[in-house]
Amino acid sequence: MKRYTWDRYQKTIPDDRFYYARSCIRQNFFPGSEAVFLRILRDDLGVDVFDDAKHTSCTGIGYHSDIVPLETIMTVVARQFALMTEAGYENMVSSCITSFGLYTEILTMWEHHPELEEQARANLKAATGRDFVKPKCVVHSSDLIFHFRERIAEKAKVRLVDPVSGRPLKVVDHIGCHYAKIFPTAGIGGSEFPYVLAGMVESWGGETVDYPERRHCCGFGFRNYLVQANRGVPLSNSRQKLESMAPYKPDFIVANCPGCTMFLDKWQYAISEIEGVTYGPDGRGIPVLSYEEMAGLVLGYGPWDLGMQMHQVSVEPLLNKLEIEYDESHKFLGNNGKYISHPAHCGL
Amino acid sequence: MVNLYFEPFIIPFIVGVVVLFSVMWTKFISWISALPQSDRRMMRSGIFSVATVVGALWEAFRECLLHLKIGRVNGRLWYMHTSLAFGWFLLIAFGKAEAILYLKTPVVPIYVDVFFRKYFPFAHVGAFGFIMDALLLFVLSGLVAAVVKRFRPSVYGMRRTTDHTLGDKLALSALWCIFPLRLLAESFNSAIYDSGSFLTGSLGALWALLLPSRSLPYINEVLWWCYSVSLGLFFVSVPISRYLHIFAEIPLIFLRSFKVRASVRATTFTKLQRAACSRCGICIDPCQLSAEGISLDTQSVYLLRDERAKGATLAKADSCLMCGRCQSVCPVGIELDVIRTSVRHDRRKATSSFDYGYLDTVHVPLATSKVGFFSGCMGRLTPSVAASMRAIAIRSGVDIWFIDEAEGICCGRPQRMAGNLDAADRMRERNEELFVESGIDTLVTSCPICLRTFREDYHLNGIRLLHHSQFIAELMEQGRLDVERGAASFAYHDPCELGRGLGIYDEPRVVLGNIGRLEEVARSRDKALCCGGSLAHLGLDMAQRDRIAAGVCAEFEATGADFIVTSCPMCKKSLSRSTETRVIDIAEAVKMAVGVEEA
Amino acid sequence: MAAKRVIVIGGGVAGMQAAVALKKQGVTPMLIERDITLGGKLCRWDRLFPSGTRAGEVVSPLVEAISETGIRTVLCGEVSEIVGDDSRVEVMLTDGSSYEAEAAIIATGFDLFDASLKEEYGYGIYPNVVTSVDLEEMFRSGAVVRADGSEPRSVAILHCVGSRDRQAGCGHCSRVCCITGVKQAIELKQLYPGCNVYNFYMDMRMFGSGYEELYKEAQERYRVNFIRGRISECSGTMDSRVLVKAEDTLAGRPLRLTVDMTVLLVGKQAPASNAKFASELGICVSSDGFFKGADCFDGATLTSRRNIFVAGTATGPKNVGESMNEAVAAAIKAAEYVKGLA
Amino acid sequence: MEKAVADIHKGSSGTVAKKFGFTVKSGRAIDIDAADMSVADEVMARVPSWSLCIGCGGCTATCTAGAFADYNFRRLHLMVRRGEVTGLRGRLSACMLCGKCVLQCPRGVNTRGVIAALMELLPRD
């Protein structure tokens, strides 16, 4: 896809020593993703990523739903930074797009309104007795995978290429709005043509698809989703994207935000149930991967270890296309071999 | 036993006559019997009043034969029509008389007197022969006039004449052959038996001189056959051509004298009127759409023609200003506008539906006087008229209640003209309620369009209906509005709906005469031109309307008057777009003359 | 006493007209043009509104007048600096040469807004998104075709691209893009009667005489569709058409439309040299970067430096006629001034 | 395995259509590509001056019926030009055909001609 201004939006990403702020949602929707993220960085790339059990949710889901006031979230974020400082780290990597958006937003607010920082510092001291140092650099976990994409490419066991025809897989990359649209300079490639996921796909042999509704939001939006009656809004927005990308016959979708990844996957199931329409060439939906899952597949991790069996759009067609072995019988068995139930599948 | 004088050559003639009269009788009988109950009641009472019947007979004679109405409009055209119609009538009458006298018995088959010379070549020619030849010459002169009109209408001062359908052209050619063939037949007959008078005789002598005498009998026989065939052909073509007019006009005149009128919901009387249209084309030139070259095939003659065929399209029915100019010159007096409305109604019935439920929510302010002034929709776009009426009321010390100052319900006439009769009635009913409930005893309006439907369609049980020019004239007459004549000169434009529509010509002129110098334009009163703004025409756009108005304004500017005065808000809007001269409503003129400052 | 000299910077219609007018005023003009030919932007235009006159018919008479009257012209002359005082001006070019005169008229014209800066319109990204200048050059070459050489069956024309747009950093109205949009819409329909043309506008600013009539003709005769609504973004579709998104503000509803080609009516911007000259010479520019006359009336072509005059689109977006009139005004003022010098 | 919690009922087309307590809605955008312009083209052929409309709203402003009923003529005939004709016929039936809009239109559009044509051509709901 011809791009024009993406090179104007670059940012420096450190090479090592990160404090990992996990995502509260992603551990439920895609538990495997965060686990494999750590394994790839630590085992495959030898990067020091500190996983601290003491850090909490950034409360962004509450803040964006008008439940958590600004002072509270600032104090919680201050605590996260304090934990990071105590753990001896200066760079923070956020697993969730909303967190990343929030950390950037709060740091920018502190920059323009130092008094808010002082207030957060005072609140933290009063509440926990801790003090904090602002992180030197805040990146999103997809930034890191993007940053090491060439090293991952070298270790790749699977290329994003159709082994039979040799044609690069057509991948729809969808970027979380809080990543690039709020602070364009905080994302790789800016808001018009974000390159963070496209970079990975292209380094690993794939090809990204530019469909008309590429920039459109998946519609997740906390308030839209939390109230059941509002869920028609995200569903309709996602459908608009799916309708627009369908003609391009993408092989799979990759996203870097807990909401987008889950809903582009789950809404395909809802649409097929409500309207009887199933996207994707073989009528079984377009598989939706998180970038960690994609990186895991490229590095040869087992699909079930990546937690891909939890997707509502079955991933087998993609795995077969990439000639990745998997054991169908173990699909829904936990580590202890017990049946862990399964989601209703799309198009069956 | 009665002698039938049967000869083979009369067969085509007989066939023609039988077909003609049988078709015609069945048509007319079925139409008349299918007339609505009320019309038939009027017919019954009319038939037994000797005065109306004699009056109708006299009118039939005046119009069907002498075409006096055309005479008043166009002398040459009158001669053409009268020579053909009256000439042929006399030819038949005298022929009958000659045959009866010769055979000394009243029972003479019709074909005998038509082909008298053939039957009795040796009968004494004498006076009858002379008269018959003179009448034949008279008819032939009419025929020549008809041919000239067909190809040179300008000789008759007509810019355009009807372009005929194929059927009419065939009937026309058959008619045009009849009299020359009669002339030839009788002249050849005279060549053999010397049975001709001054015309046929001398021509016969010529044939005898030129042609070998042995060939004369054969040519004579052939010519009589041709004569009979041409008559037969013409009679057969009459029911399906414009010439049905010859026979349809007579019952039309009688029914009309019995007060039967066409209705906007077509009845069989509409069919009779349609049949009575001779497609003479007199209605084409007065039509400003034709004069301005806007539409050349939507005039009344073409509408009636299409209606007699498979039915006119709605587009054609819609393309007419309904200004009444053609109706005012139609020699047959056909109610053209009413028929066109009924056509529009019929074409629109299937698709037009209106929902005026909201009308019940419309109320008018409390009445402040027994005299209500209704400015109408157009009136609300010409506020100067209402303002002038307010000033005049103050000056003459009368109270006027301005009914629809803010908003109002349309009087319904535009819908009626478009053929949406039920919708128009819905509006009429609601307005009636509002007017009657308000307790006014006089309803004045500055809009002739509204006044016309108030008078023709509304049931306002006793409320006096006045155009504001009439109201002002009354005030002047009663001395309540004192005014001295100013120096300004006014060229008065008669709005179609006020003039031709309601016959109100004089009151505006009296008013203007009192306040200044009245200038009459070339074409005024019932000849007045339409301003082009008519709501009846649904197809014109602004450019076309301005083209029409430009022609009208030129005539008014020619008078050099200071002001062009009209008494219709629509005319004021249309004319003012197409002239530099100031166009004002009659109320404004009065207010200026009376010099009353705003209330 | 030697004839007074005036240097005219910029060889567009304004510069050429100023030079010719100066000659008539009995002053020795000298024309410096950055490009290899005279004529400025008009060399790239096909036909001019509202009359449809060929651009060449305006440029060539001026070029001939300049050569006939022997006005000294320096082509490929990029001005590096202008120095001097109220009675002398020295214009130094980038190639090191420099010229002296008593006064100077700056007629450096305008720059076209770089449509790629409005990234969301996809200029330079989607093949069938072109600017009004590209379209004008297509009309000149006679090949008005899509990227793949095919005939466009539907075209969207976007008004106000790089004009009246804080996002693009240009808040001013470039005045002539509206009428250009109407002209090009008509030219497209003349070339391809079957093609559907949609103009998306915020306001139709038909300021000049004959413009409103052209607008009416576009509606009535050529059935150009005018949709009131500012396009937010264009996206490429699979068959390299362009999906256009707008709101039809008169219907109060969002609107989607896929067209074969999108034309961006790019606005006029002040050339960078305006700011440079302004600072060097101490003359002022208005907020939109165009030279500001001493006042908007009689002094429209005067500046705070008594021997520096400005004319043409350098003082603000205008049509060709207005530029040439302003050039004559500047020439007369300059001639008056230099003749008054000792 | 037990079915998902959402209550299930047979969709009209016989397929199992789950009820989720929310549903998918197609966008409100006017889609010119898919618009059916047949009515607009026919009305334009009959009333060419309609092409001159600049949407100034003068007709709606002066409208007699519009003062009382929910009837916005400018918007109505604009939606016809956008190919959305369903549901318009009912609104149009409020028109009194009084002709004020003809006198008001700054572009000289034959608005009543448009109304008469729409009366005939708009689909009946």
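Which chain is which? They are A, B, C and D, in the order written, and residues in each are numbered from 1.
To be clear about the criterion, a contact is a pair of C-beta atoms (placed from the backbone, for glycine too) under 8 Å apart; a residue touches a chain by one contact, two chains touch by 3 or more.
None of the values given here were measured: they were computed from a predicted structure.
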Revision key, fill the gap. Of all chain pairs, the one with the highest number of C-beta contacts is B-D
Review point. Which one of the chains is closest to the middle, using the mean of its C-alpha atoms?
Key: D
Review point. Where the centres are mean C-alpha positions, what is the separation of chain B from chain C, in Å?
Key: 64
Study note, to complete from the structure: dist(centroid_CA(chain A), centroid_CA(chain B)) in Å evaluates to 85
Check your understanding: Cα centroid separation between chain C and chain D, in whole Å?
Key -> 41
Check your understanding: Centre to centre, by mean C-alpha position, how many angstrom separate chain A and chain D?
Key -> 43
Review point. Could you say which residues in chain D touch two or more other chains, in rising order?
Key: 27, 48-49
Revision key, fill the gap. In contact, pair by pair, are chains A-C, A-D, B-D, C-D
Check your understanding: In the complex formed with chain C, which residues of chain D make contact?
Key -> 27-33, 44, 48-49, 51-55, 74-75, 78-79, 81-82, 107
Check your understanding: Which of the residues in chain A come into contact with chain C in the complex?
Key -> 2-5, 192, 210-215, 247-248
Check your understanding: Residues of chain C touching chain A in their complex?
Key -> 116, 119-120, 124-125, 233, 235-238, 243
Point to revise | Residues of chain C that touch chain D when the two form their complex | key: 198, 204, 216, 219-220, 223, 225-226, 228, 245, 248, 250-258
Study note, to complete from the structure: Within their complex, chain B touches chain D through residues 314-315, 318, 348, 351-356, 358-359, 361-362, 377-378, 380-381, 407-410, 412, 414-415, 418, 420, 423, 427, 533, 535, 538-543, 570, 573
